[in-house]
Amino acid sequence: MTDLFQSDLSALARQIPPGASVAINKGEGPDVPMALAKEIVRQGIRGLKLITIPASALPVSGMMVDMLIGAGCVKSIETSGVSMSELGAAPRFTKAVKDGALQVLDATCPAVLAALHAGAKGQPFASLRGIVGSDLEKHRDDFKLIDNPFEPGDPVVVLKAINPDVAIFHARYADRDGNVWIGRHRDQLFMAHASKKVLVTVEEVVDRNFYDDEAMVTGMIPSFYIDAICEAPGGALPMGLDGNANIKAVLAYMAAARTDEGFQAWLDENVLAGAKAAAE
Amino acid sequence: MTDLFQSDLSALARQIPPGASVAINKGEGPDVPMALAKEIVRQGIRGLKLITIPASALPVSGMMVDMLIGAGCVKSIETSGVSMSELGAAPRFTKAVKDGALQVLDATCPAVLAALHAGAKGQPFASLRGIVGSDLEKHRDDFKLIDNPFEPGDPVVVLKAINPDVAIFHARYADRDGNVWIGRHRDQLFMAHASKKVLVTVEEVVDRNFYDDEAMVTGMIPSFYIDAICEAPGGALPMGLDGNANIKAVLAYMAAARTDEGFQAWLDENVLAGAKAAAE
Amino acid sequence: MTADAPCRDEEIYANAIAGLLVGAKHVAVGMVSPIPGTGALLAREKSGGKTRVSILGKQKMLPWTDGSQELFDLAGQGRLDGFFLSGGQIDRQANINLVGIGDYPDHKVRWSGSFGSGYLYFVVPRVILFRWEHTRRTLVEKVDFISAPGTSEPGVYRPGGPIALITNLCLFEFLKDRGRFRLKSVHPGHTLEEVRDNTGFDFDLPESVPETPVPDAATLETIRGPVATRIAEVYPVFARDVFGIEPAKAPDAA
Amino acid sequence: MTADAPCRDEEIYANAIAGLLVGAKHVAVGMVSPIPGTGALLAREKSGGKTRVSILGKQKMLPWTDGSQELFDLAGQGRLDGFFLSGGQIDRQANINLVGIGDYPDHKVRWSGSFGSGYLYFVVPRVILFRWEHTRRTLVEKVDFISAPGTSEPGVYRPGGPIALITNLCLFEFLKDRGRFRLKSVHPGHTLEEVRDNTGFDFDLPESVPETPVPDAATLETIRGPVATRIAEVYPVFARDVFGIEPAKAPDAA
């Protein structure tokens, strides 16, 4: 057994310093680190600079980001979009922007991905077509319009590499040596390569080594990119293991989060209750 | 069944126009397209601009490239290295350079990979640390030293994207719909994304669809990147399916290829014999 | 829903969208785009499966094997023919705004964000704009924030761009050379005057303005059959409301 | 081979190399580098497995899951502590030439190519140079082609570079500040004079020149046991010649 394993979520969350930049993936699969996000709220870690890879606009990933914002953990968010997909707008995000309480670094999806990719390679910047003439370009210091060095008169945007302080995600399996299986969720791989620290919750730790099975190696992040792992069954809920969100749970959150009081009551019941009970 | 399948290698090779730029992978696994390369020699396709991803310096991949050079198919080669690894130098490559019969675009491995990656993304260029002050930089029009747009006074090399006309490789499996399984040989995936045409030989076509099996999808190139597939069992020989090269066969080639006559005799016996017999 | 049920507006829109995708090899459908998804899947059925449709939002329905970047890489390589974009505001020159109303960053109203628009609008040859609320609030003379511009100056790499805009009143085509829209057809039950009154910008007119066609019986059957079943996997709420069907697998089983 | 057999030169070199890698987290070994591979694997054994060693050339021995680029990406991220480079020529300033002798591109002699040197030399903190033929032909005042420069001008991003050069005569350390080599030890059976006579460039000297240590019995046992077994999987010819062992699986089974 490797020493990467932590026995509980609080030990994982303690490795996220206040003010850290934290990468969070899109959440198309059962990889939303909701349990860890709730622990971040319980520990009151503040000033986080979220970076969504490349957006948080699916019901559960949107809800997680919205909750972190509502709970006051987030100072800024670099994103191509925050919403609950077809369920509607993210209530706390919308309010925080209106109140001027949240800085948004507006991006477009491939720009976040290209900049993260440059970071994963340890390179200073990436080139990207498009963006020219948009207002995205005007408001970002880390997007620059240059002349293509190989074709004068061809304007191209270059993007400064992104290297998050911390990447967090939920995965299906870790093996006993700390290799993490992600299947074809390659975004987590790029996040892990690019980030200075990688904290992972997994559905299950299995007593084997994935290197013994070429099919598993193919969809795996090697342990040397990982800093800590905690087994947290259901750690992506209300995103189910089958990739289907519990829509009722998301709608209940959205209804509550429409008001400050409703959001606080939801937090008390769904996030803080356990911590309070434990503290009493 | 998709119409991507070709019944023989000659139909595959005919899709490579004379003068085309052709990407060839490193050959660490049983993915060297040796059978197809022999067919290129038989068809006398000339003027090829080889691009090795990022080098051809393992016994069988080195031998394949050396054979193509010796047979007069190659006009130029962009590479970070050509050799037979610990077995020694590539005899026809070495001779062709000495004779001035082959243009070598000398590169360094990550530069080839970064430029191919930019090509796979449809972007104009990539940035790469290193190279500054080397003679590689001085001799390549497609490497340029610029000032980091985000940090004045920081010199950085940018590399023009590579988009080969054709990519060729051997793979373990194709499914009946033309999806090609490569396992963790990700280089072939980048080659396929970056290239205008992708020609693949496979060990075996299996009667299933890999999308039904998430473990297979993870290591797969979707059919919409592939232009033609030919089932060619043993298509990487003398590289075995277990990833071990038949060293005796490579050494025999190297011994023969030391002289023009020896190389021609080897070609006659190992490549052209079948074609001649068929033509008689 | 049977083929006898009256044709719904969503079905007219989807049918019009499918008509814009004839001959496309690969069409992708972005987030929160159930009607475009329906239109693209209809185009796929009509092509006999030759048009590939990739719908974002549900990993297992996507063909990617290289992560989220693959959609954009595919588009960058010129392998993606069609995509859909919307806007909180869309203006005369087809600039789109997905960010908010008012001065950036101090919006009066903040929307979700620009998503892939700032890139895909430049590189996908057939971008279809959709905005169901056709009012002077949504179709404006000038957007407050340009998430992605409708046209680019000469010299800017721009193989892609808008070809049409569909709303709950009409279908516009976009004239690239003139950098403005031309009305193509008005949906059944609506009038040119209504379109004019509710559009915040000036647009070109054809000699006569046809009515947007209603899908024929065979098309309706396709929409309500294989297309509806597939769309329900990504947009369960939409499929329930429009087609009255539930996805094969309960979406809220957590 | 038993632990009683006399110590071979390769074992002395490997032992010296292992000494340069103490505390390294991840060391990679490039192509055609059997002695560096032996040294790195010895460092791994001595660290109790804490030093990870990745040997290029055989896919199944590599931990990568992102293709060939992963080695370079790992190095770019600062996650790779050690690497090995050689050169057909190596000069006073630790510039290396892997391309050829004479004017580029019309070489009198052409070598295989620069491989990863043009990048890894810049970003890996502990690059160990090796060149077993120690002559004035190989260790020259100025290389004919710079595959990778030994030092860089101020302002150039350069977290990595050479720390040492090992030959069949001696071990040099590289003084980054002075941009030149200093002799560290002379291998048993050789002399300072011999080193001087066969080196084409000037180098610094310590106050006294020690002899390169011969590995002790326990170290020899480790080299000839677990290290030899593993090296035979990648370098079967080397393992046969030096350790007299065959790989567990025949390498020429096609």
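As written, the chain order gives the labels A, B, C and D, with residue 1 at the start of each chain.
By definition in this document, a residue touches a chain if its C-beta (ideal position, glycine included) is under 8 Å from a C-beta of that chain, and two chains touch if they have at least 3 such contacts.
None of the values given here were measured: they were computed from a predicted structure.
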Every chain in contact with both chain A and chain D is listed here as B
Greatest Cα-centre separation from chain A belongs to chain D
Approximately how many whole Å separate the CA-defined centres of chain A and chain C?
28
Approximately how many whole Å separate the CA-defined centres of chain C and chain D?
59
Centroid distance [mean C-alpha coordinates] between chain C and chain B, Å
41
Considering chain C alone, which of its residues make contact with at least two other chains?
64-66, 69, 72, 76, 123, 157
Multi-chain contacts in chain A: which residues touch at least two other chains?
114, 121-123, 128-129, 154, 156, 184, 189, 217-219
If two chains touch, include that pair; go through all of them.
A-B, A-C, A-D, B-C, B-D
Can you name the residues of chain D that touch chain A in the complex?
25-26, 52, 63-66, 69, 72-73, 75-79, 123
With touch defined as at the start, can you tell me which chain A residues reach chain B in the complex?
114, 118, 121-129, 142, 144, 146, 148-151, 154, 156, 158, 160, 183-184, 214-219
Would you tell me which residues of chain B are touching chain C in their complex?
120-124, 189, 193-194, 211, 217-222, 224-225
Touching residues of chain C toward chain A in the complex: what are they?
31-32, 34, 56-60, 62, 64-69, 72, 76, 98-100, 104-123, 145-149, 152-153, 155-157, 235-238, 249-254
Once bound in the complex, which stretches of chain A touch chain C?
26, 28-29, 53-55, 57-58, 79-83, 85-87, 89-90, 93-94, 97-98, 100, 103-104, 106-111, 113-114, 117, 128-136, 139, 153-156, 184-187, 189-190, 237-240, 242-249
